[in-house]
Amino acid sequence: MSEASFFTDMLQSITDRGRQLLFSGSRTPQVVAEVDLRELCEMLLSSRGEASGMALAAEILDRWGALESVCAQSFLSMLHEQFGPDTARLEQTIEHYRTDKSSAAVIALHQAAEPRRQELLRRLNHAPNGTARLVRMREQLLASKDRSAEYHALDADFTHLFGSWFNRGFLTLRPIDWSTPAYILEKIIKYEAVHEIAGWEELRRRLAPADRRCFAFFHPRLADEPLVFVEVALTRSVPSAIADVLDEGRAQISPDEATTAVFYSISNCQDGLRGISFGNFLIKQVVDDLRRDLPGLKNFVTLSPVPGFARWLAKARSSAPDSLLSEAARETLMRLDDPNWADDDDAAAEVERVLLPLAVRYFLAERTPEGRPVDPVARFHLGNGARLERLNFLGDRSAKAMEQAHGLMVNYLYKLDDIVANHEALAQRGEVIASTEVRSFLNQNGDGRRADNRQQGSRPFANIMNSTLGGGRK
Amino acid sequence: MSEASFFTDMLQSITDRGRQLLFSGSRTPQVVAEVDLRELCEMLLSSRGEASGMALAAEILDRWGALESVCAQSFLSMLHEQFGPDTARLEQTIEHYRTDKSSAAVIALHQAAEPRRQELLRRLNHAPNGTARLVRMREQLLASKDRSAEYHALDADFTHLFGSWFNRGFLTLRPIDWSTPAYILEKIIKYEAVHEIAGWEELRRRLAPADRRCFAFFHPRLADEPLVFVEVALTRSVPSAIADVLDEGRAQISPDEATTAVFYSISNCQDGLRGISFGNFLIKQVVDDLRRDLPGLKNFVTLSPVPGFARWLAKARSSAPDSLLSEAARETLMRLDDPNWADDDDAAAEVERVLLPLAVRYFLAERTPEGRPVDPVARFHLGNGARLERLNFLGDRSAKAMEQAHGLMVNYLYKLDDIVANHEALAQRGEVIASTEVRSFLNQNGDGRRADNRQQGSRPFANIMNSTLGGGRK
Amino acid sequence: MSEASFFTDMLQSITDRGRQLLFSGSRTPQVVAEVDLRELCEMLLSSRGEASGMALAAEILDRWGALESVCAQSFLSMLHEQFGPDTARLEQTIEHYRTDKSSAAVIALHQAAEPRRQELLRRLNHAPNGTARLVRMREQLLASKDRSAEYHALDADFTHLFGSWFNRGFLTLRPIDWSTPAYILEKIIKYEAVHEIAGWEELRRRLAPADRRCFAFFHPRLADEPLVFVEVALTRSVPSAIADVLDEGRAQISPDEATTAVFYSISNCQDGLRGISFGNFLIKQVVDDLRRDLPGLKNFVTLSPVPGFARWLAKARSSAPDSLLSEAARETLMRLDDPNWADDDDAAAEVERVLLPLAVRYFLAERTPEGRPVDPVARFHLGNGARLERLNFLGDRSAKAMEQAHGLMVNYLYKLDDIVANHEALAQRGEVIASTEVRSFLNQNGDGRRADNRQQGSRPFANIMNSTLGGGRK
Amino acid sequence: MSEASFFTDMLQSITDRGRQLLFSGSRTPQVVAEVDLRELCEMLLSSRGEASGMALAAEILDRWGALESVCAQSFLSMLHEQFGPDTARLEQTIEHYRTDKSSAAVIALHQAAEPRRQELLRRLNHAPNGTARLVRMREQLLASKDRSAEYHALDADFTHLFGSWFNRGFLTLRPIDWSTPAYILEKIIKYEAVHEIAGWEELRRRLAPADRRCFAFFHPRLADEPLVFVEVALTRSVPSAIADVLDEGRAQISPDEATTAVFYSISNCQDGLRGISFGNFLIKQVVDDLRRDLPGLKNFVTLSPVPGFARWLAKARSSAPDSLLSEAARETLMRLDDPNWADDDDAAAEVERVLLPLAVRYFLAERTPEGRPVDPVARFHLGNGARLERLNFLGDRSAKAMEQAHGLMVNYLYKLDDIVANHEALAQRGEVIASTEVRSFLNQNGDGRRADNRQQGSRPFANIMNSTLGGGRK
């Protein structure tokens, strides 16, 4: 921390001197105050001195930080409208390129086509604390309702720059435990996004026991801010319910006895870095760390929520009758409309028989327009090379999980030797890898009966899905 | 170090698995061996899987590392010829842009104009140790004799990417002293570029005494490699000769007694990072550090070589007679042709009278085509906001200094309150800031006598100097 | 922490092997279990092998740790009775000494007179975690009601050994702040002995703000256990009430603005180390640290409780009428018996007039049988070289402070240049150093009126006290 | 380092103030200068103030440090003569004890019998840098020729105090490698006592390769001074010659391939701590460390010199003819008198046949008056629980080794499961444990012929030695 803050101090002192200079002489503060943000941005882009540049960057970001939210939105629009590419120059380089296709001409064209705001953002990044403030700026962009071309053009610039600045080579993995500084720990409480941490006592239960671990990625320019963290339980078997993992009264085990590392919560901390992926790397590095430390560990699995399932199912239920759901299944699923269905063992058993095959379909066959799994958590782990290992009916009875997934949880399995192949299977062929157990549900129809084998023989996957999951139809 | 090496290990293990996969199946190693580097690069650019991408990157860099130097040159040419922009796509986006000037169209144009090797280099950077190897790749590029369009196009890409990866926000300042790990210290011996360090004993004399300091910048992806370092002597006055600073028998002082910090050697360590500037930042951060640590320090100066002076002077002496040198001065300077001139007090005194005003001209009036000071060290410090403070005749009698600068050294002064103004003066108005003492030489003619104003009318040097810098006349 | 725990692991592994050996062969565990603790102690004293010694030590401490509290008391008695000096040998060396007064004879005598339990404790100390367990053993000793010769003899041994093991040269000062590991912080909450910390949020308010500091001493063999810690507030004036310091809503200041460091809470953490003094050293080292860090600090004061005052005053009030209290004063003090006296401004004003001069007497004139100040906190700070600077009437209105000191707090002043002289004044001449302001109360009689000057002229200090503070009597 | 030096600074500042006070007032520096050291020591013993005590301690040690070596010797004598026990008080407590045998009386006796210099040394230890200076004081004591009662009495006090201060619980193990601070490394060069390190390049060869390790013990009050260190080679077999280990051109191996850790050099660094044993602990902790780090390691052996062998053999050769050496053996051994004997293969072969059985006798049967092995290195490793594993004829051909041991080296084996038993065997029964291979030499007589088996049947060990090694006699 001290290094980071020292560096920040130093930047501040150079910046303050720059500002003095910048705003001295004829320009009174009054005058400067009237220079608007757009004009300051133009000054920054044309400034040649390093110190005055830093001063301008700091001034711009300070003013931006003080803007009301509506004005902040206007600032973004201004970036789009005023700091796109220099059109005149672009036309000119295009003209030139027509007659001279040399590499110099292409370079000129490339540079002319670059939105001027890219260089502007690079220069803003040099201000004290610049990176953190630009991350917040993108957070504002993402938070806006707007999804116009403007939005996409701006976000392309942020994504391009952040991808370079947050290059994974710069990320540092640090264990988070009961010996971690309190100012980091309070952020873990704040950022936990999957299973809420109620306070310091609960945090202690998650971090202090010898059979619990936590790891986070940090970045040198956001020194005290975790980017993403994962909570791990060391166990002797693959857990099927989150309550078992979080139970206050559970029996602790010695790490040496553990055979299984369970990743039961992964939280991204910085909204402004959405889509700049580190999580996949985090898990692989943590697996490696744990294996080194505890050679007895054989299985690396998650215990994960299925946040998109209930919404998907609701849509299926409201669709036309000749869809994937049999009448019988539809009827059974009406039990879900009773808020206490899970407490009724018979109801739960009935629901289970119908729900699990549907869930398998949700994971294995449903795709986004881009051809990726529809469930965001599945997208992450499967894209990461994990295998869908097990479905856990009523694995999480919290209100949130009942609402989002009718209580369903799943385990994804990270098997180091298969990660590459699994990942490539999905990336290249769009194929989701699942365990035999999960795939066996494909052999059950919506009524929970084993489907007719003949139909399944050599048919491609999608057909199997139709005939089995939707198979009640006939 | 351990963190960096751990990360490298982990990358290695993912990479090895990727390579297995990549080169398994139908492709035997034999076949793979026949796939040429260009083809591998195309595969890398089109690969979608992360692990296979990393494997390819590693394979490419391994093969590149094994190339003979001639072939390495061909590799660079291949990058230029084969991995420029996709011309067809570029033409197409240009066509499209003519009818649709939307931001989406510009983004497409911008992306199409980007040389494909930029993305290729980005992906190579993900290989284990990728950054260090790309730095070496640029080192090869810079070492080549070629200065064709090819060279410039390639270097533009490296410079663009390195500028982002070596963003100064990522640099870490570390003191180097007698408690520094030996594997860093041996690099200080190796990289010292100004006043050679003969071995560990001499290194100890430069680092261990309480009145000596050294600082270096490091980067997280080149963890054990200093990028640039500066050696500092704490003294009670501004030294005029390097021998006084390096003298084995000198009397040490307590840091608390020191009033002056002398930066007497600054060395860049990585040839492949030439032009990616950190040195200016280094000095400012070190000044800040020292001020904090030792409030008694009042002056921050350098004791610097003048590496381009002798060459410039030789050229001046060989120029036509009606140039900046009077006949008398030319005659005096012939003494320099006697290798032992400096040992002859009379000769030295005569030379001094002529040499110093010429040196002032060299610093203050001479400019590169881009309008910058011609001396590279001057360019660095003056561009950095320092002031030319004092000329030290025969400040360094080492063979190297006698050859490069007839023994001349200078002090540049870093005055924190003036750094910004000095820097801006040079950056915006091309003006070199010098002390009154230095400027006073402008009032002397080449014979060391105070110049008669009449004489200067049409004379090159002193006149120019007078009329511009001392231009109060008329 | 890791180093300490590694060392402990290693000890454990050697110990386990030793135990195997020790208890192998003819002696079955059953037999061993029947060997009683006394016998094991004898075995330990006579053992020559290092490993078996460590095993025995561990076995003894494990068993001791499992004893019920009554038995633990018996264990201490056993140490006293069975492991005193070897009387026979002592008599013998005395006999020998009568005829041979050589230094060898004296050494023999010295060794024979040493209680055998000293060597026993030294050997127990080699067990894994031995030091911490012996500290707990002394805690048990101190907790016993017994104050017989046995108690004193045992405690003399512990004190002698701990004095050597907890040599202040081994203590490490560490700042405690919001970046401190949580497992240390939870101990700060637990051990705070002066102004209770209600939970993590309050802890945060005491540690995180830039104008708050905390420091603790640690010892290498009790690695994660603070021995003593001090909480510091940085302020712009000397505070007179603890509520101002702890106020949630107070305005924070920048450390650079602070002129005053207030030590407002000092807590010893280890009961078993009572009387092994580190606190004095702590304050001096913290003063030095703060001065280095914040040159703007001019005053180093405490804001301290007066824990013995109310008890002392009650005794004085219940003494015979011809004591130090005038009838009028006694009457005024009856107001204290109303639990809400402090809320009544008139009552409070009356009480103040009587109470403060009495407090000055309490501090300046009252002495323990050993001639030291009676108030334990005063004993600490005055013995430490501080000066009694100011009395703060109703400085702490908490229930505890109202009960112990009728709300009184005081400031002690640490002035570096006077510490030695103040300390020596008390240590050599028994003189308490107080500020002029405090001493001015000596000129007031119990009724708050200035006393008659004549009486005070040239009399020694103790007399003055009698004649003035008790002077109302006559 | 910084912590240690900060602490020292702080002590210094308190001490300086104490000295001011101490030597102010009536006592002018002149007067103080005339107070002799003895008087200052008396003042220190009677001082009650902490600060003045520290000042006195510093003054005494400063003056002592400035003494010529003869005077330093007198200082030690003075300690003995003037600061023994208080005889009058001792007589008195003895008298008292005759009538009152209470524990209080024994404590009084114990305290009275303690030499006053013990408390004096404890107080001197509080001076800045006190511990290091007392270690040097004992170094002087040990260096003196004198072995009188005075010497033993003084050394008993130092040993008692150092045993407590250098309690192994305070020692810290640190790896020494090429990332270790240079100021530590230069001490490794200086202190290496077994196989000299010629300079930084050779040091690098011993520390930097992945198959080389080094570890040292440090103590908090001698922060930058290693106490003892061990150099380790990781190999694939047990080496028999030091040249193979130190060979510049040797093939390095990966640590993972290593099966054997060879401790080839162990050096104590502080002469003043002779006899305060840490080395045994060092090896055990290093073994533990290495096993953890490199699970592939199976053997932990030394490659050790035999420093006392040549001297012992010379004595045997010069003894009367009816000793352990046969005439033939004596004759063979005359070859050793030719300085080049080892270069003559025939001579070497002959010598080997005679030398090795004698060496076995030297290790297994010879004892000091206290019953311990005569070879100091053997004493260390065997006492430590190692087994004598192998004799290496001409294992070290350096001049030093040829002179001390006719080139003989040996391997001691550390087998974790046997360490305790081996140690106890020697400690309790005086038995040296050796491998079968080593013991087989016992079956050879001095002429290298296998001895008559009948003689060895059931005889105890010592007999075997007589009958075989001395067997020429009959």
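Note that the chains take the letters A, B, C and D in the order they are written out, and that residue 1 is the start of every chain.
Assume a contact is a pair of C-beta atoms (placed from the backbone, for glycine too) under 8 Å apart; a residue touches a chain by one contact, two chains touch by 3 or more.
Just so we're on the same page, UniProt names per chain: A, B, C, D = Malonyl-CoA decarboxylase.
As the structure is a computational prediction, the values presented were derived from the model and not from experiment.
Novice: Give the label of the chain whose average Cα location is farthest from that of chain C (Malonyl-CoA decarboxylase).
Specialist: The most distant chain relative to chain C (Malonyl-CoA decarboxylase) turns out to be B.
Novice: Centroid of chain A (Malonyl-CoA decarboxylase) to centroid of chain D (Malonyl-CoA decarboxylase), CA atoms only: how many Å?
Specialist: From the centre of chain A (Malonyl-CoA decarboxylase) to the centre of chain D (Malonyl-CoA decarboxylase) is 60 Å.
Novice: Would you mind pulling out the distance in Å between where the CA atoms of chain A (Malonyl-CoA decarboxylase) average out and where those of chain B (Malonyl-CoA decarboxylase) do?
Specialist: 40
Novice: Whole-Å distance, chain B (Malonyl-CoA decarboxylase) centre to chain D (Malonyl-CoA decarboxylase) centre, using C-alpha means?
Specialist: 53
Novice: Which label fits the chain touch graph of this model best, line, ring, star, complete or other?
Specialist: Its topology is that of a ring.
Novice: Considering only the defined contacts, which chain B (Malonyl-CoA decarboxylase) positions touch chain A (Malonyl-CoA decarboxylase) in the complex?
Specialist: 3, 7, 9-10, 13-14, 17-18, 20-21, 48-52, 80, 84-85, 87, 90, 94, 97, 101-104, 106-107, 109-110, 113-115, 122, 125-126, 130-131, 149-150, 152-153, 156, 164-165, 167-170, 172-173, 220-221, 280, 284-285, 288, 385, 416-417, 419-421, 423-424, 427-428
Novice: Along chain C (Malonyl-CoA decarboxylase), where are the residues that touch chain A (Malonyl-CoA decarboxylase) in the complex?
Specialist: So the residues of chain C (Malonyl-CoA decarboxylase) touching chain A (Malonyl-CoA decarboxylase) come out as 1, 178-183, 185-186, 199-200, 204, 207-208.
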